[in-house]
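Per-chain numbering from 1; labels A, B, C, D, E and F assigned in written order.
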Amino acid sequence: MYSVNVRDHFMIAHSFRGEVFGPAQRLHGATYVVDLELRRAELDADGVVVDIALAAELLRSVLAQFNLRNLDEDADFKGRNTTTEFMARVIFDRVAVRIAAGELGPHAGGLLAMRVRLNESHVAWAAYEAAL
Amino acid sequence: MYSVNVRDHFMIAHSFRGEVFGPAQRLHGATYVVDLELRRAELDADGVVVDIALAAELLRSVLAQFNLRNLDEDADFKGRNTTTEFMARVIFDRVAVRIAAGELGPHAGGLLAMRVRLNESHVAWAAYEAAL
Amino acid sequence: MYSVNVRDHFMIAHSFRGEVFGPAQRLHGATYVVDLELRRAELDADGVVVDIALAAELLRSVLAQFNLRNLDEDADFKGRNTTTEFMARVIFDRVAVRIAAGELGPHAGGLLAMRVRLNESHVAWAAYEAAL
Amino acid sequence: MYSVNVRDHFMIAHSFRGEVFGPAQRLHGATYVVDLELRRAELDADGVVVDIALAAELLRSVLAQFNLRNLDEDADFKGRNTTTEFMARVIFDRVAVRIAAGELGPHAGGLLAMRVRLNESHVAWAAYEAAL
Amino acid sequence: MYSVNVRDHFMIAHSFRGEVFGPAQRLHGATYVVDLELRRAELDADGVVVDIALAAELLRSVLAQFNLRNLDEDADFKGRNTTTEFMARVIFDRVAVRIAAGELGPHAGGLLAMRVRLNESHVAWAAYEAAL
Amino acid sequence: MYSVNVRDHFMIAHSFRGEVFGPAQRLHGATYVVDLELRRAELDADGVVVDIALAAELLRSVLAQFNLRNLDEDADFKGRNTTTEFMARVIFDRVAVRIAAGELGPHAGGLLAMRVRLNESHVAWAAYEAAL
């Protein structure tokens, strides 16, 4: 199995609901350094898993939907805790839809799986992965 | 599949037995930077894989059993080489027992797998992973 | 010249005022991974620059004043932009006051200089340094 | 499952053919920081996945075939794009042959799988993994 | 003293002349992860060392002059070894000229010094720093 | 001012004397990832600060004096605490003597200063720097 990873980041404010979160129930924020990993069984005719420039652009475009915003004000997340693992899934889903729509080019049909990892500090990160 | 990772470290002395270890048969030591990764299929009602504060506390508590000690003097390791991979398994087992005992809270029953990685330098690390 | 560095982090929400900040004028947030470096010309009688455990506690205590908060609501920062470089200076000043008050122990009088660096992502950081 | 990883690097020149590569069709180069991960189900009698010194030597020896060279002039890669993912596979195959030839010692027969990851910058990497 | 750092990278081919370089006399290449650090004594009216977006753009623009090229074919470097430390200086000089020309905006006059560091692998880097 | 850095590591056991060290008074150990930085005002005729291969060899040779040993048994350190900052100085001094003896080659006379940094974990490091 081959895999390719591109990295970018976004910075957001948010707050959590639930006693388990303690002081993180207050409005605070995070920098998320995001790793987007794409997997396929064989390389395409050009010798790549995916056009890495397109993958980087797609990741940047999806992260721009959240970057420099307060997630508490995003209608899509109403009533949800925008935890690191939750956001990994949200980004996975939004990237997956756009891959399905062809944004990674004609050869991207061979992609089998994807992993989105959000690094929130030097001591913590979360990820979501699934088949495509 | 979701995953969450917390990082901590411990510092120990030890020596190895067996010609394969060469000069590492002498008493020496290591800093192990430890990554504890927990995986589950669905988030709990709070939107998390696990209470990350509890996970960090549990990891710290298990590492404290070894931190700033000479592993050669630990009766539990008598006759064993406390290699990086061996210690990854030891930590896995001790964390797993305490997860089973409920230390990560009532929702941690959904955890499916765990990975413990010990980074011993900028050029070497070892890990142990298994289902919970 | 000797130096010692301890690392910790904090997570905050804030917004900036001024056209130069573009979309960062919106409420957003950041994880700051903080490096606190202390310098002195000679080691003390124990052979250290400073009691590193006390230094780590002091850093944690100062960061706790901001951690998991919205800096826009902090009266101390009214009318100021809490940029990365500004916060590096704020932390420098608060740590310096407590060093002067003796929180790093009796031998810390030999400290000559300090540097506070805030890493805000994998591609950007800012710092403030000065004599003590 | 246990795993052990060793890290080394190599520096090469190359160029790519195909419009998808844009300006990377020009002769350019890369530093690849290589992670070689070996996996097995149980530790050997010495308590290790593999003799890590032998693994590091083997990796260094394979990378020396490419290090400080222009891959465009390597007859083995004639007509192929030496992309990061392609080179990950090449290194996997060459290491695998030498493991099969016994270069990792008598206990290395227990190795089940291997992963070769090439880190090409702070924002991109590629890997190839398979059973041994 | 305040400082701000932005990071980017470029990938080049080159070769060196001189026996001291050994096998690096062959055509090879490198990824350089570049850290551009700017220093000033006081923050500007917005509370920053420099408009970090402008600094990142300027760095990217200067690196684009070399990125994905063979430095041996660059007329500016004829008869010179494009070592890591040499390239650090070249980038310093080109960025400095553009800062002097006002590309970092009206407040950048307060900048006192700059450091350019080129990270060429996980075990080696070089830098050039000077007053502006 | 130019600078060049090479990185290597060593692993040791030791214990400390003095109440300030708390549990670190027990025999324990550490991995030290070492950064050796050399500085000079102008590049030599080859365009380098120093022959980086010689610098890496020299660092490795000095670290080999300590690697995989118990520092408590080293007669040179009798009655001293082998703290991270102390060891940074020891390595500085031993490298400096060998630079003075010509081990970095005929052009190394231009070196002005050196910094030795020992990274002991992901959250702590210490350094010693001085003129040569």
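Please note the rule applied: a contact is a pair of C-beta atoms (placed from the backbone, for glycine too) under 8 Å apart; a residue touches a chain by one contact, two chains touch by 3 or more.
These figures come from a predicted structure and were not determined experimentally.
S.K.: By that same contact rule, can you tell me which chains touch chain C and chain D alike?
M.R.: A, E
S.K.: Can you name the chain that lies farthest from chain C, using the mean of each chain's Cα atoms as its centre?
M.R.: Centre of mass proxy via C-alpha means gives D as farthest from chain C.
S.K.: List the interface residue numbers of chain A and of chain D, divide the shared ones by all numbers used, and answer same when the ratio is over half, different when under half.
M.R.: Different: fewer than half of the residue numbers at the chain A-chain D interface appear in both copies.
S.K.: Compute the rotation angle for the C-alpha superposition of chain D onto chain F, expressed as a multiple of 5 degrees.
M.R.: My answer is 180 degrees for the C-alpha fit.
S.K.: Which of these, B-F, D-E or A-D, makes the same contacts as A-B in over half of the contact pairs?
M.R.: The pair repeating the interface of A-B is A-D.
S.K.: How many Å are there between the centre of chain B and the centre of chain C, using C-alpha atoms for each centre?
M.R.: That gives a centre separation of 31 Å.
S.K.: In whole angstrom, how far does the Cα centroid of chain C sit from the Cα centroid of chain F?
M.R.: 27
S.K.: Hunt down the residues of chain B that sit against at least two other chains at once, touch-wise.
M.R.: In chain B, 7, 122-123 touch at least two other chains.
S.K.: Mind listing the chain F positions that touch chain B in their complex?
M.R.: 7, 9, 11-14, 23-24, 26-33, 67-70, 120-123
S.K.: For a test of understanding, state which residues of chain E touch chain C in their complex under the given definition.
M.R.: Its residues touching chain C are 1-8, 43, 46-49, 51-53, 56, 105.
S.K.: Under the touch definition given earlier, write down the residues of chain B that touch chain D in their complex.
M.R.: Touching chain D from chain B are residues 16, 18, 20-22, 80-86, 88-89, 122-130.
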